[in-house]
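This report refers to the structure that appears directly beneath it.
Labels for the chains are A, B, C and D, by order of writing; each one numbers its residues from 1.
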Amino acid sequence: MTLRIIATGGTFDKHYNELNGTLGFAESHLPEAIARARMTAPVELELLPLLDSLDMQDADRARVLASCQAAPERAIVIVHGTDTMKETAAVLGPAALDKTIVFTGAMIPYQIAGSDAFFNLGFACGVAQALPVGVYVAMNGQIFAWDNVQKNRAAGVFQPM
Amino acid sequence: MTLRIIATGGTFDKHYNELNGTLGFAESHLPEAIARARMTAPVELELLPLLDSLDMQDADRARVLASCQAAPERAIVIVHGTDTMKETAAVLGPAALDKTIVFTGAMIPYQIAGSDAFFNLGFACGVAQALPVGVYVAMNGQIFAWDNVQKNRAAGVFQPM
Amino acid sequence: MTLRIIATGGTFDKHYNELNGTLGFAESHLPEAIARARMTAPVELELLPLLDSLDMQDADRARVLASCQAAPERAIVIVHGTDTMKETAAVLGPAALDKTIVFTGAMIPYQIAGSDAFFNLGFACGVAQALPVGVYVAMNGQIFAWDNVQKNRAAGVFQPM
Amino acid sequence: MTLRIIATGGTFDKHYNELNGTLGFAESHLPEAIARARMTAPVELELLPLLDSLDMQDADRARVLASCQAAPERAIVIVHGTDTMKETAAVLGPAALDKTIVFTGAMIPYQIAGSDAFFNLGFACGVAQALPVGVYVAMNGQIFAWDNVQKNRAAGVFQPM
């Protein structure tokens, strides 16, 4: 099954800038992560502007929706910041596309020791190929419906509402 | 959904022994991997004897089957060596248990740079929760039916027969 | 030869806080780094308050000097932020202690992929045991006298003045 | 100071072969390690045949000696297997070259989690620049004279004789 992975930034893709000591965005880590996963099914990687999800505006969410609408693939993984993953999912859910769309992200950036990013990417890729049409959030090893999920910021985990 | 993860060894769990310079088995890396994945759903980890899958005998495969039969969980991930993953799956498939059983493993051990292990674990955990009852192999970002999969040893990838 | 390692923070020891997505200080990584280095000579690790070196005040530098004065060891490594490493070295140099004192740090935190921290720690530990009494900066695989070194912030490297 | 690094293989440079599941030699990790260390002094990397040091013959040790004799640099680091590091050092010591020659290696390969390799490389690079002419073994954060060192294989550490 062909899979589309759409990168939108978020903690997953944060990059350490050694000249100023901050975490920001540079090249996405997804090409390396996909190669490392040894995926043999066709994977289309689409790089949208990489953003901290707290900085996402309506236009950014509209662009994610447009990408999903335009995609020829039926299985889509969206790598997204955790803070507003729910909000972007709430734009895609009511659109009722004939696709399986799975949001994931990370609590620790891909390039930092102990990161959950690579597991989450695999988890979302499995869910996107296996579940029926719909919009889901796949975090903490759990699958949530787009309209029954929230981030518990104090605990740093996703949970039902 | 409660998930059972059954460790049987294989490349995923190979451990470097610094006193003799060989790769063998010691403590499983799965407790660390599960913690790092920040899984919030209940996970039961069952450690069977850790073996190179080329060393697996009929009795070892019977033990895997017995563990699956005894498991109260409906979703099971089996971490297994890649060389005879297909053979163990061929013991479980005809047993037709009322469970979703997903085999995975790794081409590079969890503790070696560039390992696919953590992605594969996530991938299998997603598939095990999302697919209907059956026995599957989840490798290379693809889901294979237990009776239509083989390892291409020259290329180091799984493919349909 | 007994070695004292004094931790003062800096990029070397920055820690990713997954609840707020920032880099700050928590437990020092030095106990893990020292264990991983398999050092068999006695090592005394002294943890001073962990600071971004841009936040260091005169009192903080005085405390580093006091630690060096009080140390019974003749060989001392100071792990320090790179931005004001030179300034703290300029407090220790004129004190003319009868010890070999070597500053080091990192351009990328210990826990981030591609970090130079572990190399730099080894480099400084070698220099501290091998050089005569004096105060040095050991970065980028080079040894600098405390009064002839500067950080080129645009290039992210240390160089003579 | 210009530094020469001579790679001869050993555990430091062992490479995991994912097609047959064994540790052997392929490309040296030293170019990556040197880049990661951000060394700004000129470094000449010389790649001799990469060998398990248990497989080293007299001719191999003669080649290491020849490389040291031919080197224009006064500071040389030799990355070598730990099992016969002492034997090769015993060929170089009596040659009494007018150079500082420092042997190092690793207990865990560079590409395996928890490796000491990168620290040891830094340690040896510091010692090679700081010590007077002679032949040394730099392991476990300690500096040994070439004629007063042995590997304690049961403990996996170097110690005086």
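Just so we're on the same page, a residue touches a chain if its C-beta (ideal position, glycine included) is under 8 Å from a C-beta of that chain, and two chains touch if they have at least 3 such contacts.
The chain list, named the UniProt way, goes like this: A, B, C, D = Asparaginase.
Keep in mind that what you see is a predicted model, and the values were worked out from it rather than measured.
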Task: Identify the chains in contact with chain B as well as chain D, in label order.
output: none
Query: How many angstrom between the C-alpha centroids of chain C and chain A?
result: 38
- prompt: Hey, how far is the Cα centre of chain A from the one of chain B, in Å?
  reply: 25
Query: Using mean CA coordinates as chain centres, what's the chain A-chain D distance in Å?
result: 44
Query: At which residue positions does chain A touch at least two other chains?
result: 107, 114, 156
Message: Per the touch rule above, enumerate the chain pairs that touch, sorted by label.
response: A-B, A-C, B-D, C-D
Message: Using the touch definition from the top, list the residues of chain B that touch chain D in their complex.
response: 11, 14, 16, 18-19, 21-23, 107-109, 111-114, 153-154, 156
Contact footprint of chain A on chain B as seen in their complex: 1, 3, 33, 36-41, 43, 107, 114-116, 118-127, 129-131, 138, 140-143, 156-159
